[in-house]
Each structure stands twice: as C-alpha cells, then as structure tokens.
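One chain, chain A, appears in both complexes that follow, with chain B as partner in the first and chain C in the second.
Up next, the complex of A and B:
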C-alpha cells in the first residue's frame, strides 16, 4: 500500500512537469487552432542557448533563466511568422465550425512547422554538439519524509509552479477583459474582427505568451536534472501534446488534469512493466482517449477554441 | 565508374525506390484528406512480416513480400475502423500514437528458431538479423534494384490509371470536402477505409523490400521521423499526381547526398527552404493546377479529370 501511494505521489509530481510543458501548446492551439510541431524544438533551442551561456560564459542562474524565456519568445515569433501567419483562416470562413478533415492550411502548417522543428534542432546541436550538456541545477539534495512517504521538494516546487501558472492563466482568461478578447478572437475570428478587435495582434500575443511559457517550462524541468540532451525537443512536444490532448486541446485547466493523469498512469505502468511499459502506456492512453466512443459527443467541442 | 561508386549508386537508387513506396502511401492518405504520422508502423510491420515469412517459413521472396503487404493492409484497415470519424488533427495524433505502440510492441517480440549460425528470428529490441534470402539465392544488388524499380513502376502505373477512374476522382473529392463528396453520392467511409488499406499495403510492401535489402531490421528504425519524412516528401513533391512523392524523395535524398559538403547545416537550410516553399505552393511542386496545365497542353492524353481549385 505504501509502495502504491509512493508511486502515485511520484506520478503526480512528474505530472506537474507534463502540465507545465503542455500549457503553452494548449494555449497556442486554442488561439490559432493549429498544432505547432516546432513547439518542442523552440523550447530546446532556447534551453541550449541558456546552457551555452552557462557552460561557456559561466552566466549566473537568473541570467540563464531570463535568456531561456526571452529566446523562446523570440524563436516562437520567428516560427509564427514563417509557419502560421500565412496559413490562418480567411475571415470568410467561420472559425466556429469544427475541423472536418484536414483542410489545406492545417496540413501546410503541420508540414512547415515540422520543417522548422528540424531546422531549430539542428541549430541547437550545432551550438552544443555534445550529447549531454550542463544546465544550471536547482535540484534539492534531500527528500522530505511524510511518514513513510518521500517527497522531492524540487519536484513539488515545479508541480506547484505548474498549478499556479495554469490556474492563474485560467483565471486571467476568465475574468479580465483582455482574456475575454483572446477567447473571442479564438472562438470566432470574423465576429471578433467585426467587433473591432485586432484579431491578428491578439493571436500573435497569445502565441508569444505560449512560447514564453514554453521557456519557463524548459527552465523549470531542466533545472531538476541539471543537464539537457538533444532528445529534449521531442520530449517536450510529445509529453506536452499528450497532456494537452488528455485535457482537451485548447483548455487551460484541462492541461493540469491531463498532465497529472499522464504522470500517474506512467508511474504505475513503469512500476508494473518497466521503462518500455511506461512509454507504451503513454501512447495507449493517448490512443484510447482519442478514439473512445464515449467522447464522441464532445469531440466538436474538444477541437474548438480557447477555454479557461 | 569505379566499382565502389557503382555500388553506392545502386544502393542510393534502391533506397530511393523503397522510400518512394512509403511516400506514395503517405500521398494516398493525403489524397483523402488525412495526415498520417503512422505510416512507418505499416512499413515496419510489413518488414517484420515478410522477414518472418522468408526466414521462419522459408517462403520465396514474392510470397514473403505479398504476405507482408497483405498483413500491412489488414493492420491499416483495422486501425482505420476506430479512427474513421476523427477530425484531421486528432487523426494525425492517433496515428502517431499507434505507430509508437507498434514500434514498442515489436521491441517486445521474441520468436526464434535455431539457424545455421546461431538462432534467427525477431529478438526484441536487438532486432531481426539475417534476412538472407537475397544472398542465399544469389540475387545481386543491381538485380534487386531492378526488381524494386519494377514493383515501383507497377504501383505507379496502377495508381496513375486509378486516378483517372471514378475511384480516383472520388478519393480526391473526399480530400477536398468530405461533406460535399457525401452529398454527391460518394461512399466516403468505404473509400476512406479502402484508401487506408491500400496505403498500409503499399507501406508494408516497401517495408518488406527494405528488410530484404538491409538483411537486418530493428524497431528503432521505424520511429515517427520516418513517417513524418514520408508525409514531407509527398507534400513537397506535390499532391497533383503520384509522381509528386517520387520527386520529393529525389529532392531530399539527392540533396542529402549533395550537401555532404556542409554537414550540420543541411537541415538548417533545407528546413527553412521547405517552410518558405510551402507558403507559396501549399500543395507541393506538382500540384493539381500544374498537372492540369500539363495534361491539357498535351492533347493526346485528353483532359485530366480533376478540376483544380487553387483557392482550397
């Protein structure tokens, strides 16, 4: 019983990392209704820039953190200009309709963001060619004991940061006027445009915030391990995508539950079937959630717009 | 040409022909409006199935390839059933998840029998060694290249012929707008299932040819990068004709070869070029409009049946 509880707690703490990684992806999808495959590579290149400053120029931790977040935003802006700016829906097409099939622009956005993923990853590897690169480590040395259960305080901190960011962003989207504008621009582009909102600027703003969040996530997750590898881009994209999909793409609070669910399922799969089982469980969970007959009714809602 | 260079050219041409099969399979899915990131799974399943046929059951090459293709088509059809009603993005992610599940499951598969030097058969993540049908039957690499090209030509001929029939027009209509196609009396679901099975079979056929060419396969080969590249080839080459994916393969593998001068920067340049290129030509080099123009400029071939719509 203690083992089971310990596994669950470890899973919940891991889930915090997944949620923080998925948050930006979900926000991006919610506001543009396009999946950005370059999301993980953006975070990875930003992290590599931070690691480069750390290793070559012995920059202090705060400077690395600022660099990672700022460069993620700048790289994200480049991705948005290149892959998404030309592929948005025309005002003539209602954005409220759920996606039927893959329309041409969606396919193009997928393909070109994939090409940019390859480009950014290669740039990162050119910057620091080694497989393991040092990253500022903020890992705690000891565990907190709670009876027989052990909790790693640094992981707890990341999970709390994830929950804080998710709940804060959700509240901001729900309560503030600017949040209302973001949701309106995401829900129905032409209606928002007719109401006098600068739709393109709102969407770019949401995209930039999402990229900055990916930088925050990259710094938080990597400082737990104190190292970064070329696998990080793929990891960010996949874990973030599963967490966001489980919670419903475009839903901000959903990412938190999706991340936690993913963490718990993975932790138990690992303790039962080993590392391969953990990986399999991730994809099996994703697949079942996608094709589950009981979610057929909500699928239209699942793929539409930005929700708190 | 020296011997080494000739061997290299034969190898590269075989790789191109085999990748073309996978790219054609991604192209078929794109025709019916589906982005699939899971075609590499059928490539892998076909490779394993045909390898098992020729190694474990000592079947001749033709039978092994056919069995692999049939197995891939069956798996693809089974995957298409539950994912039939998913929207575009959800379908793409579901196929990605399936592809990874298949890859991990292949890593669990152990089934070996004693061979001449040690056990043979699938051995989990260590892979499946000694698929030696070509060596045992004295087929030279050049001979195998001829066989691969012959299969590819047959596939191309069938596909290009089918595109001029009602069947091909129906597939394209579904890709453009499935609601409208259904209103025109097209059996959307049945055709989508058919296209999925055909695409799975094609990918598996390519996988079988790959397994016999390299004699060694492992699950890690069939990772999502392979499938995503196949989609990229089809999109880059163009969705207007079955020759498009081939052009995409030649461009990428050719460039890969030409750009060994600047290692490390190939993807930086190529990735940026692809993204820029897709902005002004979203349906690839050989898109419907260009194919239509070529077809009408060549009167003996008559009208291309698909009326292009560049606005789409």
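Up next, the complex of A and C:
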C-alpha cells in the first residue's frame, strides 16, 4: 500500500512537469488552431542559452532564469513571424469565396515549424556541442518524510508552480476583459473583427505568452536535474503534447489534469512493467483518449478553440 | 449619414461590386434589395472593413472609412450584424454581449446596457450562461443584433437578418427593427424579404449584378417591377 501511494505521489509530481510544459502548447493551439512543432526546440534553445551563460560566464541563477524566459519569448516571436503570421485563417476570406484551403495553411505551418525545429536544435547543439551540459540546479538536498512516504520538495514546488500557472491563467481567461478577447478571437475570427477586436495582435500576444511559459517550464524542469541534453526539445514537445491532448488541446485547466493523469499512469506502468512499460502506457493512454467516444464532437481532444 | 460612391470590391479577378453608389439618411431605415449573388453581402463586408475595396469611397458622417480597420469602424459608430447569425459559439450569451462592448471602457454603462438588452430580448435573459452555439437560430440572430448594439452604434448594418428563420421569428426580428428605428437608431438593412422590408424601410435600393439599378421610396417600389426583380433577378428580354 505504501509503495502504491509512493508511486502515485511520484507520478503526480512528474505530472506537474508535464502540465507545465504542455500549458504553452495548449494555449498556442487554442488561440491559433495550429500545432507548433518548434515549441520544444524553442524551449531547448532558450535553455541552452541559459546553460551557456551558466557554464561559460558563471551567471547567477536568477540571471539564467531571466535569460531562459526572455530568450524563449524572442525565439517564439521569430517562429511566429516565420511559420504562423503568414498562415493564419484570413479574416478577409469571406465564406464562400475561393480559399487556398485552411488545410493548406495548416500543412504549411506544420512543415515550416518542423524545419525551424531542426534549425533551432542545430543552433543549440552548435552553441554547446557536448551531450550533457550543466544547468543551474535547485535540487533540494533531502526528501521530506511523511510517515513512510518520501516527497522531494523541489519537485513539489514545480508541481505547485504548474498548478498555480494553470489555475491563474484559467481564471484570467475567464474573468478579465483581455482574456475574454483572447477566447473570442480564438472562437470566431470574423465575429471578433466585427466586435472591434484587434485579432492579429491578440493572437500574437497569446503566442508570445505561450513561448514565455515554455521558458518558465524549461527553467523549472531543468533546474530539477541540473543538466540539459539535446533530447530536451523532443521531450518537451512530446510530453507537453500528450498532456495537452489528454486534457483537450486548447483547454487550459485540461492540461493540468492531462499532465497529472499522464504522470500517474506512467509511474504505475513503470513500477509494474519497467521502463518500456512506461512508454507503452503513454501511447496507449493517448490512443484511448483520442478514439474514446465520449471525447468526440464539439469539445473533443482535437476540436481547438481556447477555453479556461 | 452614410455616403457610398463608386465602390468596387473584387474576389481575385471576379468583381463583385462594380462601382456602387448609394446613401443612407440619419434616422431612417434604408433597405437594399437584390437577388442572390448581387453583391449585397460583399457590400456589407466592405463597409465593415473586413473586405478591402479596389476603389471608391465610403463616408460616414463625413469621415472616410475606406482603409480603416474593422475595429476603427466599430469605434466610429457603425456596427454590422453579419449574415448567418455570426455569434461566438463557445462563449456564453453574456460573454457574447461583453465582447460586443470590447471598444468601450465604461463598465457601468456596459452593465446597464446588458440589462437593457435582456429587457429587449427576454429570451436571451433566460439563457444568460448558456453557450451561444446551443441557441436556436432565432435566438442566435437576436444575440447577433444585441451584440452589435452593445457597441452603441449610430448606424446599424444588418445583413439579411430574416434568412432561414421561421415566419414568427422573422416577424419578431422586424418588430425589433421598428423599435430600434423609433428609438432613433439609423439602420441600413439588406433583405430579400421585400414584403417585410416594405413595412419598416423609408428608402429602397435594388442591387443587381454588382450595380445599383433602382432607388426610390416604398411607393415607387410598389409601382415598379422592382420587387419581382429583387426575388428573381433581371427579366430577360423576350
């Protein structure tokens, strides 16, 4: 029983990391209805810049944190200009007029963000060619004991940060005037234009916030391990995407539940079947959620639209 | 109030508006009739700033609107109720109304206007927290009108508010148009339902194939064969 509880707790704490990396991805997909394949690479290059400052210039931890978040935002802006600004659903395209194909634009966004993913990853590897690179570590020295259960306080902190960011962003989307505008622009572009909203600017803002969040996530997650490898970009994209899809892409609170669910399922699969069972469980879970009949329809996992 | 001169808008190489000139007077309901494909909706989307015209001018209260963004046009006091009941389907009724007031900063005024909309459209009040996508067609049309009114427009553009609605709902929509007119809101209405439009509008235009082909009072409209052309398009030479 204790083992089972311990595994569940470890899973929940891992889930916090998944939720925090999935949050930006879900926000992006929700407001643009485009999948940004360069999302993980953005976080990775930003993390590499932080690691470079840390290793070569002995920058203090706070400066590394600021650098990672700021450079993720700037790199995200570059990605947005290149891959997404030109592939938005065009408001000037009225219903019934000949369209190059919303699908066509989606494919262009996917393909170009894949290319930029490779480019950013190569840049990061050129910056720090070694496989393992030191990252400022904020790992706690000891575990907290709760009876027989052990909790790593630094992991708990990241999980609480994830929950705080998710719930804070959700409340902001629900309550604030700008949050309403973000949701409105994601819901129906033409109606948003006609209501006097600056749609393109709102979407760029959502994209930038999502990229800044990827920087926060990268710093928080990497500071647990104290190191960064070239696999980090792929890890962010994959775990973030699975967490976001489990919760419903575009749903902010959903990412938290998706991340926690993924963490718990993975942890139990690992304790039962070993490391391979962990990977198997991830994709089995994703498959079940994607084809599940209760997820079909308007609010399904792939429906898009931004919601708290 | 609204002066449109020689306005031309094209989709690619296809010119949908071929130089349209017409005007709408303050305090009046002006109605534009015309068969399907005449360019009526293109005109409305051009007026609202969603489509960019190739040439021509749109003056609203003396100010040129061509080249302005949809947001700036809403700010100037002109709001469009688009065709096909374009609401925010994933937002609640109240959030739709809030979105309509996006350009305003007076929170107290917005709140009292929302109450006023619920007074005008009691059906919406019953559905305050329901998602707009789950409303019936008639309710969505009322919500679209209410959302446009939330920007406090001096000129309300309405693109075929009656299309696809049951006769009783159409009657309700037109009684709302009459009410708004009585309250002093100027309205520029695009309609195919000429018989309903005759009861509310003071001036009529007919548009055929991207051009204005008739302008006159309701009396002149009844004399001419305009109504028939509005439904069926140009009579072919025998």
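We adopt the following convention: the second predicted complex is superposed on the first by the 291 of 308 C-alpha atoms of A that agree within 3 Å, B and C clash if a C-alpha of one lies under 4 Å from a C-alpha of the other, contacts with A are read in each partner's own complex, and residues count from 1 in each chain.
Quick note on the criterion: a contact is a pair of C-beta atoms (placed from the backbone, for glycine too) under 8 Å apart; a residue touches a chain by one contact, two chains touch by 3 or more.
Nothing here was measured: the structure is a model prediction, and the numbers come from that model.
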| item | value |
| --- | --- |
| Chain B versus chain C as contact partner of A:197, first or second or both or neither | second |
| Touched partner set for A:155, first chain B, second chain C, both or neither | neither |
| First, second, both or neither for A:268, with chain B first and chain C second | neither |
| Which superposed partner A:239 touches (first chain B, second chain C, both, neither) | neither |
| Touched partner set for A:111, first chain B, second chain C, both or neither | first |
| More chain A residues in contact [chain B versus chain C] | B |
| Chain B versus chain C as contact partner of A:187, first or second or both or neither | second |
| Contacts of A:82 with chain B and chain C, given as first, second, both or neither | first |
| First (chain B), second (chain C), both or neither touched by A:307 | second |
| First (chain B), second (chain C), both or neither touched by A:253 | neither |
| Footprint overlap on chain A, comparing chain B with chain C | 98 |
| Sites on chain B touched by chain A in the complex | 30, 33-35, 82-83, 85-94, 97-98, 100-101, 104-105, 107-108, 174-175, 177-179, 228, 231-232, 235, 264-268, 270-272, 274-276, 278-279, 282-283, 312 |
| For the chain A and chain B complex, residues of the former touching the latter | 35, 82-83, 86-87, 98-108, 110-123, 125-126, 241, 245, 249, 276, 279-280, 283-284, 286-287, 290-291, 296, 299, 302-303 |
| Residue ranges of chain A touching chain C (in the complex, touch as defined) | 91-92, 94-95, 97-98, 177, 180-181, 183-184, 187-188, 190-198, 298, 305, 307 |
| Partner chain A, residues of chain C touching it in the complex | 11-12, 41-42, 45, 48-52, 69-71, 74-75, 79-80, 82, 84, 86-91, 95, 98-100, 102-103, 133, 147-148, 151 |
